[in-house]
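In order of appearance the chains are A, B, C and D, and numbering begins at 1 in each one.
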Amino acid sequence: MSQTAASLREQFPLLAAAPELHYLDSAATAQIHRAALDAVLHHETTSRANVMRGTYRLAEAADRAYGAARQSVARFLNADSADEIVFTSGATAALNLVAHAFGATLRPGDRVLLSVAEHHSNFVPWQMLRDRCGIELALIPVDADGRLDLAHLPELMGSRCRLVAVTQCSNVTGAWTDVAAIVAAARKAGARVLLDGAQAVQHGPQDVQALDVDFYAFSGHKCFGPGGVGVLWGRAEVLAQMPPFHGGGGMIVEVTLQATTWAEAPQRFEAGTPPIAQAVGLAAALEWMMTLDWAAIAEREDRLCRQLIDGLSRIPGLRLLGPLDGKRAPIVSFDMPGLHPHDICQVLDAGNVALRGGHHCAQPLLTALGVDVCTRASIALYNDEADVQALQDGLDHACRELA
Amino acid sequence: MSQTAASLREQFPLLAAAPELHYLDSAATAQIHRAALDAVLHHETTSRANVMRGTYRLAEAADRAYGAARQSVARFLNADSADEIVFTSGATAALNLVAHAFGATLRPGDRVLLSVAEHHSNFVPWQMLRDRCGIELALIPVDADGRLDLAHLPELMGSRCRLVAVTQCSNVTGAWTDVAAIVAAARKAGARVLLDGAQAVQHGPQDVQALDVDFYAFSGHKCFGPGGVGVLWGRAEVLAQMPPFHGGGGMIVEVTLQATTWAEAPQRFEAGTPPIAQAVGLAAALEWMMTLDWAAIAEREDRLCRQLIDGLSRIPGLRLLGPLDGKRAPIVSFDMPGLHPHDICQVLDAGNVALRGGHHCAQPLLTALGVDVCTRASIALYNDEADVQALQDGLDHACRELA
Amino acid sequence: MSDPDALYQDAIKQFARAAHGHGQLENATGEAKLNNPLCGDRVRMQVAIDAGRIAAIAHDTRGCLLCRAAAALIGVRAAGQDAAAMDAVTDALDAMLKGVAPIPVAWPELAMFEPARAYPSRHKCVLLPFHALQAALRNAAAATSSGDHRDQ
Amino acid sequence: MSDPDALYQDAIKQFARAAHGHGQLENATGEAKLNNPLCGDRVRMQVAIDAGRIAAIAHDTRGCLLCRAAAALIGVRAAGQDAAAMDAVTDALDAMLKGVAPIPVAWPELAMFEPARAYPSRHKCVLLPFHALQAALRNAAAATSSGDHRDQ
């Protein structure tokens, strides 16, 4: 079904209650959809119990809801089986899980290939693994527009590349990664591929089988769901070969004083009480997303993104970061020499425009692009022309105000 | 203020809507208090934004709420400073954090002393650390009642004990640990002390300074708050010496291709977007708890626990696990030879009594007590005589039904 | 809401109490031990295979009534079956518990587990002995083909 | 809701633009670099100490208007102060931003930061140069006492 931005906006309680707000920071956190909030509320007030261990009806209801949430995520990602869905506390936790559990299968001298465009959450865990275990890190460089430069992929992989871990879409430039090219090169080298989908999921359902990767990570709060929950999808055969990461309740077959035997995936990777209501809320958000006309939404997001880029390029001295042509996510970052992003954001806030300024947890990328900080506007399905216009007006005001 | 169980029960939406339910499984998950649910809802619909990075008013509001939540937790634990409060996704995540981050400061041959009574979440992470890093594990044994047997503490610590990690209260027997004795011995040996407070927090605010431990871990869902959030408290000087565990956004000072410098605690240990609304909800639950008359509640919980123990001891063949005299938490586990806990729980569910059966993620303890599985009833502040009576009646019925 | 009392039909209690097939085989050609991580229940299944069929079977079961009844039913019924037949029965039982298929005609006694449909947490209790038997049969086949006796 | 425009008083813009004290000291006896992890802002402060007081000061500041204005105010005002005085001013500024104290009388120009009270995320911007100066003074003291010159 195709919906207007206004009718979509109506479905987000925070936005519905703040008609004056021009929320252009969905890349940091998307607003929560009514259905997700209702699902959390419903779960906590009708089905709250611990999962996987209780036999009374309330516990069965909790179990059922949690299992159904796993199924919803599997459908959203087109995973082969719900057993490939591991609930975590967020994308960062999912990425750390892989860095530790898949990392435990690596040997000194094995290589992990990242890109310069990674969010710190897909960068720091691998640096820590390198310092802990003596693996090698290599980095796919970016071109002047922040796109991954895949020209030297085979050399970058070398002979011992075991994993390529890259973002699907940059949280700074909106550049989409050419996943197919990376997967093809990785398969040739016998390496696995991890895709950080944190920025992709708010722009529509994904297909991990078509992407043909081995791991996929994302966060609930970036796709209209609750915070405190995220997902690691892993190919069954890869998950099966990995030891657990966190130890605790629910991930074991048997614990004795001497040794412990692990449960199968996904339980093996879900130590302790999981974020149950949050998973249920996330599933509600994803189920809602799966009813939408994504072609229409993509078209509108793209149109707004172009308008934004056109408007910004008219501001003297302003430098747009990221690719200006071709397919890109509606994330637009820019640098205004002499104006600091925090001052820009502050002044725009006076016009109720919510922007983010700083290094966006992507210092290596910003360094490569030759800036220390930048200002970012990010567009989601509930944004419209008025939001873009307000940003434009606000920037004009900021230029006068701060000069 | 002193309140009746009925007036307390009213404040828990799930229980208020299910007057027939005898919920005796709060040790697995306590029900959520209205204030916590309202706080989550309020936050998500008025203040949702990512924290610690935004300068617009909505982000400031999110930051303020998250910071205030840290203050509430600090007050609940009587911590010296809110900077000692690390939000995690749960007790299990908090315990794994210590096993990795404090674990990284240990050397092969250093010793960690646990007890046989630990929940798997405070057992398996240390086994994994042992297998990874060559530390030694030692175990405080339990007596026939499941109480920690501290007779040989100095020998168990040996000369290289660096940490004693024990539960404050057993989730199977309700036995409270003699923390003062352990702290005294640990101080003498130069070892730190970690207390797993998962089962303690639903019975009232804690005082980490009076307990004089170094780490304290608990989960929100066990103290009337949301799931998906937990807390690690750590003494400032100890946290300052630990490297991070998870890597990602928000825990760094600077990331370069070569190396990364860490932020101070608590940020150093909170990689990625934290469970913001859940922390806010937890704080609401804790603030509510801090208004209660805990002496009165403890007295009622204790009275119900005695009634339960008295009633159960009249059932022929039934064996009560855990201490029958002295101070104990209202957690009562028992074994009925010939009747399996799952069958018992199932039949009691027919009378709307929610009990838990199984190994309760404490296999080493159950082995020590000479059982494989057991049935557990746990009492919280919203329980009353009718709940205890329903359990009693249900067990009589089960004995007839299943015989 | 369904009534948990209905779950404990007399048939289940009788099978569980009778514990048909409980014991140990001297001449086992395949064996498997399985346990249910959620409750710690354990089943050890032993089979003696002759010409591809179960000639003798024995089990040692520690579990709830559902688990013990399922093991006892196997104790009565499994002799004479081959691995393919047991796979079919197990799949049919699984489908019945999930509510997507009727009671397997091959083993009408499985009807006693029908009320367990309403309790997904108990499905594993019923299935554990069947899964243990499948594993024992696989181990027997592997032992035959490798000329070696393997435990799982 | 307060008006973010009010934050950018002319005084702040003037101080930021003037960048008093920007530069480098040849004869620094203490130096410190600090950065704000949230935004990547950086301040390098250098001091030359004479008889326990700041004889000369220079800073290199990359940051927002608030941060640059704060650094420039230090550039004008810090000379002649000792470490205790700077600690007092910094504490007073911190308390003013938190809303628990009025504008420090010692440095009345700090009034220009009063509107920042409403924006806790910006407090660090204002305080960063002050904290860098405190660190530089500590380093100078350490260098004097150890006869050694240390960077932090």
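Here is the rule we go by: a residue touches a chain if its C-beta (ideal position, glycine included) is under 8 Å from a C-beta of that chain, and two chains touch if they have at least 3 such contacts.
Please read these numbers as outputs of a predicted model, since none were measured by experiment.
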Taking each chain's C-alpha mean as its centre, the one farthest from subunit A: C
B-D compared against A-D, more contacting pairs: A-D
Chain centre separation (subunit B, subunit D; CA means) in Å: 44
Where subunit C and subunit D are represented by their mean Cα positions, the distance between them in whole Å: 76
Averaged-CA centre spacing for the pair subunit D and subunit A, given as whole angstrom: 38
Between subunit B and subunit A, distance of the C-alpha-averaged centres to the nearest whole Å: 31
Numbers and ranges of subunit B residues touching at least 2 other chains: 53-55, 57, 59, 252, 254, 342, 346, 349, 357-358, 363
Multi-chain contact residues (two or more partners), subunit D: 38, 40, 119, 122
Subunit D-touching residues of subunit A, taken from the complex the two chains share: 340-343, 346-347, 349-350, 357-359, 363, 372-373, 401-402
Complex interface listing, subunit B residues touching subunit A: 13-14, 17, 21, 23, 25, 28-29, 31-32, 37, 40-41, 44-46, 48-50, 53-59, 89-93, 95-96, 99, 116, 119-121, 123-128, 139, 219, 221, 226-229, 244-252, 254-257, 259-260, 271-278, 342, 345-346, 348-349, 353-358, 361, 363-364, 367
Of subunit D, residues touching subunit B in the complex: 1, 35, 37-38, 40, 119-122
Complex contact set, residues of subunit D against subunit A: 3-5, 7-8, 13, 38-41, 62-67, 119, 122, 125
Touching residues on subunit B, where the partner in the complex is subunit D: 52-55, 57, 59-60, 63-64, 67, 252-254, 263, 267
